[in-house]
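In the two assemblies presented below, chain A is common to both, partnered first by chain B and then by chain C.
Entry: the complex of A and B
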């Protein structure tokens, strides 16, 4: 087992980058998995709003309270740059200023310039809130026209607007915990190849160096045995990383996998093998290891962005999806989407997607064998 | 002495074609992928388009139908409606072609999600029901006020003044491009490593020769550092040019300053590499791994993989965004795009200058006065 021992010795030296990838992945998963939720009944979307009440009257306070009961009020400094940043990074959806004179205008039946909407672009949040504020003011004006006082009109408006339409919610089957759309298995498609390329590729590149290979070839170890030991070392590493992720998943979820989660586990196993094969191909094609991380980033980030890992699949254009179909991460994500309920669950399709991943394994393995054969023969000739 | 050293180091750096190639290929390939992936997403996700809805007229309701017509026509329409029967409406809902099904008989809504589009549909039907209720109540309690109430309801009101905060590009996905340039800059730290490996006797034959030459070590190091800055500057210029002119990424109206930000970012990255190279003991490979880990960590924290990350960091540990070179570089582009003034951009440039000075001085301190008993 000399080659196996050598494999592990080199691997030990390369584990630092791999550990950084694993730590980043787990940090990201803790952030995203914990915030997941699933809906069974319809509830109005709560918009994140910051309100600057420049009127500061009971009437304006009534509006602030009414909005606060329905939406999330965010505290933002009343500073143009702070509001711009919050809107740009979607920390708030709407920045409302209740202008001075709001209560007076309500009493006088004037409407112009009651509020200021500070925005960066016409968004859904802006459209919704503008419509809501018009409805609110219109309702108060109608009540006043019906003979009510301003205070009573505000009260009536609050009550009337609370009674809404009957909404029937057709629920989609939702995943839970780790199999959910924002969860654990989704980001594995980025981190698994990153871990494999950062750790496995340099080890294989070192073992592929001609002088190491020559030395192994002229030793008493048979080439088949050496290849088998390298394969065994790779398998141990891939299995360890996969088991680490799966075990960490159990801790993050707080319970053992059940039901459809097992499809995700199987899917991740297949993807781990694919990632290892990608690392093998990179090791065979890259002449030196100094630029390995840049190559790894091009592969991992590129594949993740094209295959709906960082950006939800539903937002990707058809042409991007078509291009993504040539990459294994696309089928990995498709299986996850089916399990988490983003796509309709169809067992036949699910098995066929897993089959496509298996085909990627076979194809990558065949290319790796071919390259191995070519490289091996070229070394022997030299 | 300096000119000679600078010239030859520059030539030898340029001959490291793989490194230079990757520093150029990396942003070009990834920016193409980003461009392909993100084109149109902002419009789809944030920019308002009329909300598609299916209308099922199970029983005639002229008043409601006329309201639907009024909000589904014209330039600023709220809804994009399709009149159909229940079965087809539910099929459209299932396929995702519409966000909700509105029934005209008893004003009911069927949805299959809880997004903002569904909320807008509900807000529309709510508004109609409120109007109807107020009319009925007035007709029952104060019939004499009915004409006033109808007049008030029919009035077109404008309650909101619009204040657009910036004329810059509001597309949040452009931050991925900023972070990509920032990542190229921090990954340039790999070139900064050569400042250590090419000037220290225990790393290369060239380093050993330089150590015994009469040229002061400070001049040697400065020459290598300047040549690395030059090469990285060229890579950064090419990256920004490719993004701005080939991919037509909208950096706002102050493109020359984007070049300045990129240039300073590249220098910051190289200086960071110099510091890492001088602090991490061991082989070139070890230094290279350390530089890559630090670069990737900074890029991750500035939002290269997850766009929200920088703002999450801003919420919890705001000082980290000021010491993270990738975040500082990416912020400088963001401020140029979104701000009307230059204050915040200049503040980020100053931080970069401070970083360059601190990194370079640290590098100098840890590489000077080395004595070798044996190499």
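Entry: the complex of A and C
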């Protein structure tokens, strides 16, 4: 097992970069798990507002009630200094004064001078509230123009605007598994090739250095035995990294895998093998290790952006998706999406996607074998 | 009777239209330091690669230790050591780990291997550097490590392919002494180089190669006797009249005389006392002269005379 031991010794020297990749991935996952846990459904934003009704009419009271039903009403003394302090210390987002004559102006179809508003800056909340009031007044004006009385128009507006819009989240996570929105398995499509190319490729390149390979070929070790030992070393490394990710996943999830999670585990295993084969091909085709990190970034980032790892699949254009279908990460992501509920779960499709990944494994392995025969055969033709 | 260690018969290797080895025959006996001398591209390294079964060939036979050599002839390979021109070690391993690794490709037994590694380290004088990584070693020490990796398993046949390229003179001498020591210890050596001085210094028998062919073979003295030139006499002098130059050209055994840049150069073929006779002619004509020296023919002269070209470029 001389070559196997050599593999491990060289790997030990190259592990620093790999460890950095793994650590950054796990750190990212922990952060996303902690911060994303509560943002799983859509709710209307409510802003904190204080209202001063100087008109004091049934129409103005209707507006106050309408706002109160949708936002948080805060009681503030109607004093310039008190309002400024409340805005400064963010106790309120908006101070609205319904000016005297509001009801009359509403009846006359006027829109100027109805309100006086105060806020700190042109914030999101300010724009939202301005739009809210404009929509309310505009709707009443439309109803009056349509022949309704003011009281009826206010009623109608209240009913019309209370009809909410159904919002469906594009990536709606189901269940609490790691296949969900925190992206543990999704981001693996970026990190696994990165770890493999940064660690496995340099080891294989070192072992394939022409001078030392020449010396090895002159020795009594059989090429098949040497290749098998390198294969064994690579397998141990890939399995270790994969197991580390899977074990870390259990800790992040807080419970052992169950149900459909196992599909994700199988999917990640297949993708780990694909990543190792990509690293092998990179090692065979790269003449020098100087450009290795550049190549790793091009492959990992390129594949991630084309295959819906960083940008959700739904947001990708059809042409990008078509291009992505030629990459293994696309099918890896498709499997994950099906398992986490973003796409419709269809077992036949799921198995076929996994089959496509297996086909990638076979194709990459065939190319690697061919390259090995052409470039690294112990007996050369020329 | 000395056993034949290497026998190459009628070896032909073609790269498309280029004939790299052209019906090459070589026989190397046990205990020899056999030099393969030739310019770049003459086929030395191709011969080595064919010999090690690392390269296929079109025609011919190769036998080592009386057995046909093949890529799977591991019983032969175990007794062969290879030291190449380029240093072939792992930068990620220490000196000791490197030697141990390459020795381990031949010797499985841990204790025996440890002994062999210790002896190899001692042989090349790297005792103080066993924990150093190759990048921390000087060029000379690196070459010594390269040699240690090739000989640690105690091979009976050692192939050295230009092991002193880009090595300082001190390290070169150390390496050459080491090679002679290995030969004394019983190893047969095949040494390729285009440094004729080295080949002259250590090789007991030499083959001169050009364009894939062996154009001459023998001991260095035998090779020098193959050429017309027996000695070249150089006389430094300020002036040489044409009449005297004519007299010198008429002398017996002098086949070429030139006078350039204040130097009279006379190439002689055979005969004795050529130097005395030339000086007598100069004295008779009242010509004064400065330094006088006579040189024996070199292997470069042999190569020059056989092929009509120098063995290596002057800048080498």
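FYI, the second predicted complex is superposed on the first by the 235 of 382 C-alpha atoms of A that agree within 3 Å, B and C clash if a C-alpha of one lies under 4 Å from a C-alpha of the other, contacts with A are read in each partner's own complex, and residues count from 1 in each chain.
The rule is simple: a residue touches a chain if its C-beta (ideal position, glycine included) is under 8 Å from a C-beta of that chain, and two chains touch if they have at least 3 such contacts.
These numbers were taken from a predicted model, which means no experiment stands behind them.
Could you look at A:231 and tell me whether it touches chain B, chain C, both or neither (first, second, both, neither)?
So A:231 meets neither chain B nor chain C here.
For A:218, using the defined touch cut-off, is the partner it touches chain B, chain C, both, or neither? Pick first, second, both or neither.
It touches chain C, and chain B stays clear.
Compare chain B and chain C by how many residues of chain A each one touches, and report the one with more.
The partner with more contacted residues on chain A is B.
Could you look at A:206 and tell me whether it touches chain B, chain C, both or neither (first, second, both, neither)?
Touch status of A:206: second partner only.
Answer with first, second, both or neither: which of chain B and chain C does A:24 touch in the superposed model?
The answer is first: A:24 touches chain B but not chain C.
For A:9, is the partner it touches chain B (first), chain C (second), both, or none of the two (neither)?
Touch status of A:9: second partner only.
Please identify the positions on chain A that touch both chain B and chain C, taking each partner from its own complex.
Of chain A, residues 14 contact chain B in one complex and chain C in the other.
In their complex, what parts of chain A are in touch with chain C?
2, 5-6, 9-10, 13-14, 206, 209, 211-212, 214-222, 378-382
Show me the residue ranges of chain A that touch chain B in the complex, using the header's touch definition.
14, 16-17, 20, 24, 28, 31, 39, 42-45, 47, 80-81, 83-85, 87-91, 99, 111-128, 130-135, 137-139, 141-147, 160-161, 163-172, 190, 287-291, 293-295, 297-298, 301-302, 304-306, 310-311, 314-317, 319-320, 323
Which residues of chain B touch chain A once you look at their complex with the stated criterion?
Spelled out, the residues of chain B in touch with chain A are 18-19, 22-23, 25-26, 29-30, 33-34, 36-41, 44-48, 78, 90, 93-94, 96, 106-120, 122-127, 129-131, 133-134, 137-138, 141-142, 145, 148-149, 151-153, 155, 157-166, 170, 172, 183, 187, 190, 285, 288-289, 292-293, 295-297, 300, 304-306, 308, 310-312, 334, 338-339, 344.
For chain C, which residues count as touching chain A in their complex?
Residue list for chain C touching chain A: 15, 49, 52-56, 71-72, 74, 77-78, 80, 82, 84, 86-93, 97, 101-102, 104-106, 149-150.
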